[in-house]
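See the structures that follow.
Look at the two complexes coming up: chain A is in both, with chain B in one and chain C in the other.
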Partner chain A sequence: MTAVGAIVGTTLRGMFGRRRVLLMLLLAALPVLVGLLIRLAGGSRDTPEILDALVVRTVLPLVALIIGTSVIGSEIEDGTAVFLLVKPIPRWRTALAKMAVAAGLTAVLMVPPVVLTGVLVSGATGESLGITFGFALAVMVGGTAYACGFTALGALTSRALIVGLAYTLLWEGVLADLLEGTRFLSVRQATLGLAAAWTGEDTGTAALDPTISAVMLAVVIGASFSITSLALARFQIRSAD
Partner chain B sequence: MSASGNIYDLGYQGYDGPRLGRVAVTVGLLRATLAAAYGIGRGGRAKVVPFGLAAMALLPAVIVVGITALVSQAGAGDALAEASPIRHDSYLSVTSTLIMLFCAAQAPELFGKDQRYGVLPLYFSRILTRSDYALARLGGLALAVFLVSVVPQVVITFGAVLAANDPVTGFADEAADIPRYIASSAFAAALLTAVAAVIAAWTPRRAYATAGIIAVFIVPPIMVAIVSELAAGDAARFLLFTSVADILEGLNAAIFGTLAASPAVLAADFPEWVYLAATAVGIAGGVALVLRRYQGVSG
Partner chain C sequence: MTSEMPPEASTPMPEPGSAAPPFPAAVTVPDAPLPDAPFPAIELEHVSRWYGNVVAVNDITFALGPGVTGLLGPNGAGKSTLLHMLSGLLAPSAGRVRVAGRPAFGDPTIYRDVGLVPEREAVPGYLSGFEFALLNAELQGLTDARAAAERAIATVDLVDAAHRPIRTYSKGMRQRAKLAGALVHDPRILLLDEPFNGMDPRQRIHMMSLLREMAAEGRVILFSSHILEEVERLADAVLVVYAGRLAASGDFRSIRRLMTDRPHRFTIRSSDDRTLASRLLADPAIFGAELVDGVLSIRTNDYAGFTRLIAPAARAAGIRLLEVTPTDDSLESVFSYLVRR
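Then we have the complex of A and B:
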């Protein structure tokens, strides 16, 4: 497994030390900023709604999208993917390492802001802390699903970013308001389903059953892993555009 | 090795006829930019995203025209016209996400690519100045975005005229809205283009530029919505100006004389000219920053 460790290391080094990190830190800081504003205005009891609108709906998919599409996508764009793939490492291990980095980074970047925002919005008493940590856990699981899905997308197409944005903004955003049924095929709704189960509070809309949510997220993660492995196995060098 | 080579005189000579000037070159670049924004002149894969997004922006208009035709056959056209959620004054907010995605997808192609491939010196070694280049690129993208937002409105107008019992009265009903939606679409295209172009021109890498543009368009409206709901006061009101979508929402409502759909805009309750001023400042600032970028960049 040292090969996997080495891939994890190089991918991490590729992700940091670039302007991308700045953008992601800025995005992760925004919920905290809003939390601070709400604290200054006297706090609020609506932690689930605020965390849903700020984190689960926008910042989490954006951060997971930037990370997920670049762990493999930027190696293809830079032309270094070839050096990675000529090494005699099974492709599923490469896929595993890349997805582990994407999921881990997403969790590291998103869980602290969720906890901070939750504490800022509703204080650190027993009940509201429970809600905050329930959301943090759900964000970690949902973020893993997002990151894995977008990693697979990045391995499939060079325009992964725009396809992923269309998915989050149109399918989970605009269409979800019009067609209720899309919520069964939405990472966001599955994340909210888990959050509702763990916090005991829903965010207004009918939450998905936690079992269905867990199954959905597991399917997304598993399918993404298979797709990434397959895409890497059949990888062909293509132009960056 | 014998000396058997020959040098032929092929008759190469310089051109000293009349030349088209700076204006013609700038207009040429503008047209090329407009085509490139839709992937015209490039392969099929480059066309999928711009035409796909434009088609999705057109879809609600087509649906509305279809339903209008069916319902006016049944003789209940007026009742539908009052109840329909897709009207000239609401169309911008219905499709704004698509227009933003269009900007995020295509601005990096137009503003980043020449920098990435280091071909800017080829443009600047000709009569075209740096400012001409930047203005042509900005104009081309703005025109492309304008088409995405105005074509569906025109389709609705055509549908309404054709579905009316008498086309003349049908047109008379529509006539008042035509200059309004042209103005609203033009302002929206100009502001969205200016903001997207600044990010794309200063961020040559396509992926970062796309992510940056979308983050700037999508995240502030949500922050504004939450803050305006929970924390009344001037700080919350002025936060509105970080959100391009809300500025355009306010301007659209001012142009059509309707109430804005965004609760944050309603809560802020600025006078109407404020949105026009904010839009103008945003456009001017964006254009100035793009011009500045191309004064310095060596490619």
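Then we have the complex of A and C:
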């Protein structure tokens, strides 16, 4: 196995060894359960609004936050990261492997629930299925940006979970709705912008232009990679005699 | 040390190392290069490290070559900070730290030459000892990682527990698992932070003999300890750190002998202790002799001179020496003296 493969493997194993994996699975199941209730109540034609409320606004950032802050941050906190960092591997490769795990796991946990929820809410007909898959694709790209951003946060600070929650709940949840300018720094708005382009549906009044959304998410992913690589390259142990 | 003749009489002790009296802030210990390398394996030049207003390491300079060197000091002296700087996990606030000829901080390629056994850092408990060694081998990019992991596990005597999760290990077993991970790529430089913590006596003896063997093969081994007996039994040279400063360095017995303002004490058993005492007191370097409970105790300010004097003096008086023992030459006495200064 290559060094990067070993990092991916051990990170995945570490993630599934933590109790928070249960929390992630419960969160991922939440939209499906709500979709089931909507189905039992006769279904709905408002798939974009429901997926925005159930997934993009709530579950997606929380799942990405838990995963992103765990892949590096938890290892730094419990000291196991040292064994990974005292190896002759360029730190950018370590950052890349960690971010790939975070993004991949977020996609695996979020895309199936989006598809299931969409099908439960509006059925599996041609048009509604197109909306569901368009949204699922946008969630995958947005989830990658979230996961990469939170991975960088985990590499930067031991309080990544708190900072990430503050960003998700305050910045995206409150300020983005009140102050128009903050939308340009909102992964949620960019995700909705892509979803609007790929579903052909209005995904919310505040959603960004698709091109700006794509650029913004690419910048977040690229900047997160640079920050994570740099943070690992300048990593210093937090203990002292 | 117990023998019919003091070993020093027939085998002169080596000349004192480079520890300059009286314990300067910065001294250099033997700086033999790595095999096939024109530079010292480990090199610190005026290195300091501080955290805000707290100085953890203060202006330390030394160089190390092959052999076992003990980094000795009380808890909080700066040993872990030094080892973290040497292993590239901490940047020095001032000065230069080089390992295998490269800057220790910011250059991951040093880890091809370095194996680290940290004290506090946890090992992933969900891995078995073998999996941990294998992971280290894969991260090192070894071509036959599995064979290297098996070798490392056998070397640290962890074969029986190799496939149990590390979270079920005792502290000593965890230390050995860490050592297996550090040895898996056969590094030329080994840095160990309190490696004997939690080990039982049998494990300690095994680990010590293992480290001695590796040093004999030309490896550079630096280990920290606050237990003098460990350093005394294992190390060729010692670096004594106290309050972030290098209090002394070199062969610890040599350091001890450099303390000319402090008497050395020997106990002697012979066929005629009284006559031997009177003969020895004629030498100006001997300034005290006591006979307590049938054991002759001699005080001298010239360790090497005494070891040369005792055998001829006894022979000239027709006295048979049964035992000559330096009583205060332990690292404990050296260390407590250094700390007081």
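We adopt the following convention: the second predicted complex is superposed on the first by the 235 of 241 C-alpha atoms of A that agree within 3 Å, B and C clash if a C-alpha of one lies under 4 Å from a C-alpha of the other, contacts with A are read in each partner's own complex, and residues count from 1 in each chain.
Here, a contact is a pair of C-beta atoms (placed from the backbone, for glycine too) under 8 Å apart; a residue touches a chain by one contact, two chains touch by 3 or more.
Since we're looking at a predicted model, the values are computed, not measured.
When the two complexes are overlaid on their common chain A, residue A:70 makes contact with chain B while staying clear of chain C. Contacts of A:178 after superposition: neither chain B nor chain C is touched. In the superposition on chain A, A:236 makes contact with chain C only, while chain B stays out of contact range. With both structures placed on the common chain, the touch criterion links A:170 to chain B but leaves chain C unconnected. Overlaid on A, the two complexes show chain B and chain C touching the same residues of chain A, namely 241. Per the touch definition, chain A reaches chain B in the complex via residues 19-20, 23, 26-27, 30, 33-34, 37-38, 40-41, 44, 46, 50, 53-54, 57-59, 62, 65-66, 69-70, 73-74, 77, 159, 161-162, 165-166, 169-170, 173-174, 241.
Remark: chain C residues 51, 54, 56, 75-81, 84, 87-91, 106, 108-112, 114, 116, 118, 120-124, 126-127, 132, 135-136, 138-141, 145, 181 touch chain A in the complex.
On the side of chain B, the complex with chain A involves touching residues 46, 49, 53, 56, 97-98, 101, 104-105, 203, 207-208, 210-212, 214-215, 218-219, 222-223, 225-227, 230-233, 235-236.
In the complex of the two chains, the chain A residues touching chain C come out as 1-3, 5-7, 10, 13-14, 17, 78-80, 82-91, 233-237, 239-241.
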